[in-house]
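Here subunit A shows up in two complexes: once beside subunit B, once beside subunit C.
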Partner chain A sequence: MLKVNQLDKTYGQDKHSLKSVSFTAQPGEVTAIIGPSGAGKTTILRSVNQLIRDDGGQILLDDQDIRQANKAELRKIRHHIGMIFQNYNLISPLTALENVLHGRLGAKSTLAGMFGLYSTAEKTEALALLTEVGLKDYAYQRCDQLSGGQQQRVGIARALMQHPKMILCDEPIASLDPKSTKIVMDILRQLAREKQLIILINLHQIDIAMDYADHIVGINDGAIVFEGPTEQVNEAVLQKIYRQSADAKVKVAANES
Partner chain B sequence: MKAKYSSPQQFFRQRRMRLTVVLVILLLIYFGSVLLVNFNTFSSLAQIPAGLVWLFKTFIPNQHTTTYLGPIFYQLWRTLIVSISSTICAALLSLIFAVLGAKTTSPNRVLQLTVRFGASLLRNIPVVAWAMILLFSFKQSDFTGFLALFFMTLGYLTRAFTETIEDLDTEKLHALQAVGANYFQCVFCGVLPEAASTMTSWVLYMIENNIRDATLVGILTGTGIGFLFNQYFKSIRYDAAGLIVLLIAALVIVLELTSTQIRRAIA
Partner chain C sequence: MIENSSSEPKIVKPKVPNTERISLMTKPRLILRSVLAVLGLVTIYSLVTIDMAGLKLKDAFHSLGLNLNAMFLHPNVGQDSWSVLLRGLSTSIALTLLTTLLGAVIAFFIAVFSARNLSPTWVANTLKAVMAFIRSIPTIIWVLIYSAVMGLGANAAVVGLTFHSIAYLVKAYSESIEETPQATIEALKASGVRFWPIIFQAILPSIVPALLSWTFIRFEINFANAVAVGAAAGADDIGYYLFMASGFYFDFHEVGLIVYLLLGFAIILELISMRLRGHYLKSN
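Entry: the complex of A and B
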């Protein structure tokens, strides 16, 4: 279980981006974070694996506080947290297979990782994972020659190679067409169900969130304004999540003039 | 900086105006310098054909020139080896410096500034000056030529590689960090593969460039093809000197073609 307690983050002097954010995400469930642009979704997700250093609070993954971990411990913890991105962020000149194998880096010695010395078992597993996401025939293709949807599936396979407890997804479908969107979201939901993973996903598309998420976290201007099962989300809740603060309205007006 | 325009017409009018001003300034500079050096474009242009004819007559290799081919090829070969080896050695070192000096991968800010400053120092000393300075310590030898090319290339490639690394998408490196990769793994599995093809292009370009420079350096260090050219030239064997120029040009062209092939093969 992922439990985030009173997480705070301030960029620079006064840009208060997260205000005492608390929520939980359960294994076996898809948890979606929704909210307007600039609300702090990316900041939350990147704090969870400490790509962004937050200022205070607790992030408990199976009762271990990620924020207290030292460098070596953090590396171990990260090894079991997959992450997929809107822009896929694969190493483009490398093949799909090599990118999937990168999922093992957190578990390998520095040298073996640097020079890509993977065991036969690891290579076999990587190929099996590519097969699982339907990319068996593309294993030896350079990643920049794959379509967006295919690249995102390589990203998922890379995350799975980490034997993750949790996968963080930052707008994984924002650059995809409806068909690829469905493929990717189906895979993610299936992973939650079958492997009992925690799937934490930032989404812009409310309809997708309603279709796929079990649990919804609504954030507005750095503060959680709703948390609950998807069934409880109604028009009023959505208005609360997506309302513009008086402050933001003034800013928008100022920008437009 | 946000400029205010009341209408698109005004925007384009101002832009045309700026262009005109720049053109007028350029013309003024040109005429100013013409007056200063007493250089007359038209009469100089008129002299070009006659000059070319003379060049062709004296520098065109003839039957007799082929006897020089042996020593020329030998020196050309040595020059090629010096250019390639100096470039490769410099490239390996530049790679390390670039990783240490690029904003995105530098482990520490002092190191970053040191590398940048050092590279620009190396780069901004012309290769001829390098050769003359090094002559004091290393006398006239192939090694002096090698070092002169090496230092200049080191400066150039460090700068080029640093920029290549900084242009990479840092998000890709974050993705590797998120997997649990440490610094060295991020560099070897992420930075180097992403930067490899651009860096190879730079290395190939520097090899071509160094062949040309090696000729110049050779005149000073008394080695290689430059030395031979100088020798023939001073002893009025213009046909042989002309042959050398032709062969250098041919060599550079061949290299250019091969490097295009290599680039295509690794891309």
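Entry: the complex of A and C
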């Protein structure tokens, strides 16, 4: 279980600050963080694995506080947190298989990592994961020759290669077409159910969040304004989450139709 | 409902500009033009006042023609033998290979620490400043400096050439490293990967084409330098024979032959580099 307690963050001039953010995310569930642009969605997600250093609070993953970890411990914790990105962030001249194998680098010694020495078991597992996300035939393709949706699936396989407890998804579908969006979101939900992973997603598409998330965290201007099961999200809640933001009315309107 | 927040756009008529004088002559442009004008004047002045020292243009061109004829139409081995010259050429090539490879490996590690996206700014800037200083002094001077320390010969040539290659390649490599997107580095950092594995597994594969082409350019530069250095530091390579033939024996036939040898090798280099890049880009 991921438990975030009273997380605070201030960037210089109060920009994108987090104000005492608290929420929980359960294994086996898809938790979506929604809110207007600039509300702090990405800051929250990146604080969870400490890519961004926050100013105060607690981040408990299975009762271990990530914020208290020293450098070596943090690396170990990070190894068990997968992350996928809006722009996939794969190493594009390498093959899909090599990118998936990168998920094991965190568990290796410096030398084995430098030279990319992988065991047969690891290679077999990587290929199996690629098969699982439906990319077996693309294992030896360079990643920059894959479509966006395929690259994102390679990203998911790379995250799974880490044997994660949790996968953080930073706007995973923002650059994808509807069909790829569905494939990627289906995979993520399935992973939560079957492998009992914590899936924490930043989304700006409300309809996708409503369709796929079990648990919604609504954020506005750095503060949590709603947390609860997706069924409880209604018009009033959405108004609260998107209030006073330029694109709020457009999004609510799009959601209604 | 999608509401249009702004009301009807108003059409504002642009004000007719005052009839003040509009000048396109900005300050940098003015400076550039005055510099060019001064340079032009200096050139004309020196051409007019040049001391011909009794030069007879017709005779001069005639003997130039004779020399070129001797060099390029009647090349031969002169004082030395084919085997000596070819050994000299292979010494030059070996010198080039050794210094470029040594330089490339050492430069890569220094480049990692002088790339701003990987190292603290002060480390990166200090290293870059040192490298810029080394680069600003020509290779041949470094070889002479090392000759003073180590004595004339191949050792000084190797160290001097490598030294300058490192400084040159560090600049090229670190700039390539700085161009790799921060996001891909972050992705591996987020999964708990250590520093050196990130360098070798993420950054290196992304910049291989750039590294290849920079290293090859340096290889060519080093070959030209190796020839020049051979003469200066007495490294017993083709440059030394070129120097002796042209400066001591005035054997222009041999000079011509050596120039042809160098040219041939340069063409081979160019072909290899084209193949290598073509192959690399295709297979990836």
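Convention: the second predicted complex is superposed on the first by the 241 of 257 C-alpha atoms of A that agree within 3 Å, B and C clash if a C-alpha of one lies under 4 Å from a C-alpha of the other, contacts with A are read in each partner's own complex, and residues count from 1 in each chain.
Everything that follows uses one rule, which is that a residue touches a chain if its C-beta (ideal position, glycine included) is under 8 Å from a C-beta of that chain, and two chains touch if they have at least 3 such contacts.
Predicted, not measured: the structure shown is a model, and the values here were computed from it.
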Superposed partners subunit B and subunit C on subunit A - clash or fit: clash
Touching partner for A:P93 - first (subunit B), second (subunit C), both, neither: both
Subunit B versus subunit C as contact partner of A:V133, first or second or both or neither: neither
First (subunit B), second (subunit C), both or neither touched by A:A157: neither
Touching partner for A:K76 - first (subunit B), second (subunit C), both, neither: both
Contacts of A:M185 with subunit B and subunit C, given as first, second, both or neither: neither
Subunit B versus subunit C as contact partner of A:M166, first or second or both or neither: neither
Touching both subunit B and subunit C, residues of subunit A: 49, 51, 75-79, 81-83, 85, 87, 89-94, 102-103, 105-108, 110, 113-116, 158, 162, 168
For the subunit C and subunit A complex, residues of the former touching the latter: 1-3, 181, 183-184, 186-202, 205-206, 208, 284
Subunit C-facing residues of subunit A, complex: 49, 51, 74-79, 81-83, 85, 87, 89-94, 102-103, 105-108, 110, 113-116, 142, 158-159, 162, 168, 249-250, 253
Touching residues (chain side subunit B, partner subunit A) in the complex: 169, 171-172, 174-182, 184-185, 187-190, 193-194, 196-197
Contact footprint of subunit B on subunit A as seen in their complex: 49, 51, 75-79, 81-83, 85, 87, 89-94, 102-103, 105-108, 110, 113-116, 158, 162, 168
